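Note that chain A is present in both complexes that follow, paired respectively with chain B and with chain C.
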Partner chain A sequence: MSQLIIGQLLNGVIVGSLYGIIALGVTLTFGLTGIVNFALGAFMMLGAYATWYLYDVLGWPYVPAVFGAVIAVGIIGYLCDRALFQFTRGNLVNGLLVSIGMISVFEALVLAAFTTTPRDLTYVLPGALHVGGLILPKIKVAVCGVFLAVIFGTYFALTRTWLGRAAFSYAQNPEAAALMGIRTGRLQTIVVVYSTALAGLGGGLYASMYSIDPTIGSGYVLKAVEAAILAGIGSVIGALGGGIILGVSENIGSVFLPSAFRDAYGLVFLIAILLVRPSGLFGDRS
Partner chain B sequence: MLGSKGLLLSGFMALGLLGATNVRAEDVVKIGQIEALTGPTATYGWMSAQGAKLAVEEINAKGGFKVGDKTYKLQLTQADTRGEPREATVQFRKLMEENVRFVFGPFLTNIFNAIEPIAKQNNGKFLLFAGATSAHSALGKPDHDYLFRTWNWDAGPSGFGKLMVDYLKKQDTKKVAMLFQNDAFGKTAVDIYTALFKDAGIELKVELFEPGTKDFSAVLAKLATGKPDFLFPGYSDAVLYDIVRQATESGFANRFFLVRGSIGPALKNKDAIEDYIAYVPKYFEQAEKTEPKVKAFIENYKKTYNREFPYDQAPLCSSSCYDHVHMLVQAMQSAGTVDDVAKIRTALLSMSYDGLWKIKYDKTGEEVFGFDVVHVRKGGSVEVVKYDPTND
Partner chain C sequence: MKYAAPTALLIALFAPLAVHSDSILAIAIYGFMAASLAVSFNLIFGFTGQLSLFHAASFGVSAYIVTILVTAFGWNFWLAVVPALAVVLILSLIVGTICFRFKLKEFYFAVVTMAFSEILRLVILNWNGITNGSLGITVVDRPSLWTPSGAVQISSGIAWYYLTLALLVIVYVVCQRILSSWIGRCLAAIRLNDQLGETLGIDVFKYKLLSFAVGSVLAGLVGAFYGFYSGFVEPHYLSISLGLDIIAMVLLGGVGSLIGPVIGAVILTALPHVIDLSAELRIGLYGSILIFVILVMPKGIVGLLGSRKNAA
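Take a look at the complex of A and B:
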């Protein structure tokens, strides 16, 4: 029994890190543009399909395929920002409507191009690690490592670089940041592109673990928003923490309770946290 | 301004146009299709929609079909329910308002349940060819003369479920773990197979999962503690690839039994599985080599859609799809009418159709057709056992 629980704890951390990477995009975009970009799930799906196409159809090696997908999704993110998101800055409702509309458009385009047939990548890193009676699929461990590195890398970039500090200052006081010479429009575009590229990376790595279809993004973006709220919107490390808490509560909950209500276990946890800390686990109490 | 002669002329012209429209309308038989073409449950509807369109194009390309001394063409309207009951009722009402007399679909149980009351109100005015499992219990009930079910029933003497469970019993199976989606069909399937396994003396443990789940590690680990001989996962490839990979990679299970879905996941993990026993309406990879009709269908599909043939999904063409459009046309010709749905229903119930599948309906309107049981073993060797209940 203890092996079952420890195994699922670790699996929860791995699954949670995927929620965390999308949650990071959600929290960054909200902090700097004032919109909750629900289309990040669709960007994740695009990243997954781009990786599948480059890797399985065109025969690229996996790592360059993921990089290619991240760049492609980043470019799409930039075009969407210029064409749409820049007109919704600071307007939660308009941003929400645009992002929901984009989900339909992206899903329909991918459906038309690749149909609903699930795509399952040629296995990148097959097999499992056997550690003390526990069996952990190698690909999940590797993907989790990449996600953790990216999230901590983003945290250090935000706290140690000029651009990162500019982003923080803008999130705290936009007017003061603009008066201090920060080019706010460009900063917001950079954050939107970075968030979409992160989602593309999430999709690229997701595709190495799970089969993909045009609707995979919608479920994950909801989890990501949940993780971001659980952590407290605006917290970078919190996004990871929120994702992991969600992943672990779903996995452990499914072991002891019916797995048919897996999503509910995370939500119950979220409600309990918000009752005690309305601004989230890592959010500002003030 | 127009004078009285001008008005008269305009009136004649309008009447002439109206007359022409009537002639055109009489030459066209409207058929509708109501399926999820987008959304997470679109796999079934998408393939059905492709097959129906292909049949319509084939028939129209030959100049249509003759009933009596008139030649008709088919006009197909495909409505996308997105797998959502509310959307389905809107789309279905629209088809009824447009006087569509022949509707193919739905495959999904939740969609059939949603449109069933509206269909009942229109009983006698149209025919519905639904693949949904829940349509089974509505067959033969009063005010359900409109209904045909285009999939063979899991249980019962001609059903594939009992034959499948018997096949499993021959593998010396004592315990099975069933892992299905928590939705209308999942629950129906649990009810059907709980009884079938009980009758066969096989112990069954059931777990349901949330729609959209991709990581099954926790529930697989839980089921593995009961040490089942076979894992019985369902029910579409969107989850089967993940379940089979995760189960084999983490050592939770390597023997699988399924009654919906393709053998694609088995072939992908052929070195990790021990057994993978699947009900497949037709094993197209083999049938293409031995059945000329299947070969022609595949070639036509590739030419029409300009894409690779989806061998995994093609067995879904057995439901409310390609053969059923051709069969309907044959029934209209045999009944000598394109309007009298009661006569066409009688013709359908009394005929058998030999297309991609050999199809007939039982007296309640439920379909009986031949199918394959495909047994994939470690290494990828495939054994196909054919069943043809239409001969019974």
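Take a look at the complex of A and C:
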């Protein structure tokens, strides 16, 4: 029993870090452009398909395939920002609806190109680690490690570099930031593109663990938004924390309670947090 | 624009005399039901400013309750509508009270209503004994009407056409009466600035809840009929994507106008039949329309038509 629980706990952390990396994109985009980008789920799906295409169809090695996918998704993200998102800055409802419209468009395009048949990547990293009676697939451990490294890397980049401090100052006071010589429009574009690239990375690594189909994104973006709100929008490390809390509560919840309702446990938790502490677990009270 | 609604109703009343095609009739029936959903949603979204994602849940829960009471318990259709609407009313009061008591702002309101809606969908999806899970329930019964010559089953296309048209008229008139009264003015004040409204002595909580409950119950009313016309109910009725379709209809027609959602709903229902598209491309088309409307014509079709004067 205790092994089962520890196993589910670790699974929760692994899934949670995937929620976390998309939640990081949600949080950054919201902080800098004032919209919640639901299309990040679609970008994750695009990243997964791009990785699958480069790796399985064109026969690239896995790591370059993921890099290629991240760059491709980043470029699509840039085009979307120029064509669509730059017109919805600061308008939450419009941004929400435009991003939701984009989910339908991307899903339709991928469906038309690759049909609904689920795709599986040939094993990237077979084998498993045996730790004290627990069996952990190597690939899951590696993926989780990459996610943690990227999230902490982002945190340090935000706190230690000029661009990061510019982003923080913009989130605090856009006008003052502009007066200090920060090119705010470019900053927003960078953040939107970075968020989409993160989602692409999430998708690329997701593809190495699970089979992919055109609808994977919508479920994950909901989880990511839940995680971001749970943590308190605007908190970088909180996005990871929120993701892991969500992943663990789903996995542990389904040990003790009917697993058919695993998606509901996170939702109940989210409603409770929003009502008791609207700024989230790690957010400032304001 | 002032006479747009009565003219449209007049045309709709006599249209079946000229059009005999069954498929056009079916599109009209689905269009009327979608329009009723869109009009009732616009009461909450366009006129009160609350982006509710609970609308599909109200619709689906009511459809399920009526269907189960009729097929499994042998109730009369019209009798079954009463508990269904009561349940929707209670649910919307619970969800509304929680959201509005805690003064959730636009995005958080959308997320919390979506969360409740998803929870209800999961309950219906997994309550196999009663709801038959993901397979849904097939409905063969038809509601009947009492006429002087005895009970008549509503089964022909023409009968459904007038029934759903009546449904749309009821939903439209209820919303129109609410909005043209002082309640409508309170709702407008809440939409524009709820803090200012509160200072002026408007009970913001009460009117938000009123708008949310009335809109949800009207959606429940549509749901009660929908399953009996389409012939089945399934968990997809409560999905977020249905909620988004409704939003697309309202935006296309025109937010904050009564007739706008009707136009948007009829166009979006008819569109896939006019241009023959595969299901996946249709979803993409919906998405593109949504993006296009928001970025290029934020006031929708009504905004384009009525740009000279204020839209009705």
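Observations on the model:
Note that in this section the second predicted complex is superposed on the first by the 284 of 286 C-alpha atoms of A that agree within 3 Å, B and C clash if a C-alpha of one lies under 4 Å from a C-alpha of the other, contacts with A are read in each partner's own complex, and residues count from 1 in each chain.
One rule holds in what follows: a residue touches a chain if its C-beta (ideal position, glycine included) is under 8 Å from a C-beta of that chain, and two chains touch if they have at least 3 such contacts.
Here the structure is a predicted model, which means the values were calculated and not measured.
With both complexes brought onto chain A, simultaneous placement of chain B and chain C is prevented by a clash. When the two structures are aligned on the shared chain, A:Glu107 is found in touch with chain B and with chain C.
Once the two complexes are overlaid on the shared chain, A:Leu274 sits against chain C while remaining clear of chain B.
By the document's definition of touching, of the two partners only chain B reaches A:Gly127; chain C does not. Residue contacts after overlaying the shared chain place A:Asn173 against neither chain B nor chain C.
In the overlay built on the shared chain, the residue A:Thr159 is in contact with neither chain B nor chain C. Of the two partner chains, both chain B and chain C are touched by A:Pro258.
Touching of chain A by both chain B and chain C, each in its own complex, is seen for residues 107-108, 111, 258, 260-261, 263.
Interface residues of chain C facing chain A in the complex, by the touch rule stated above, are 51, 98, 102, 104, 106-108, 110-112, 115-116, 118-119, 122, 125-126, 244, 247-248, 251, 278, 280-291, 294-295, 298.
Of all residues in chain B, those touching chain A in their complex are 38-40, 42-43, 46, 182, 207-210, 212-215, 217-219, 221-222, 225, 237-238, 241-242, 245-246, 249-251, 264-265, 268, 307, 310, 312-313.
The residues of chain A lying in touch with chain C in their complex are 36, 84, 87-88, 92-94, 96-98, 100-105, 107-109, 111-112, 225-226, 229, 258, 260-261, 263-264, 267-268, 270-271, 274-275, 278. The part of chain A that touches chain B in the complex is made up of residues 4, 7-8, 11, 15, 107-108, 111, 115-118, 120, 123, 126-128, 135-137, 210-211, 213-216, 218-219, 250-252, 254-255, 258-263.
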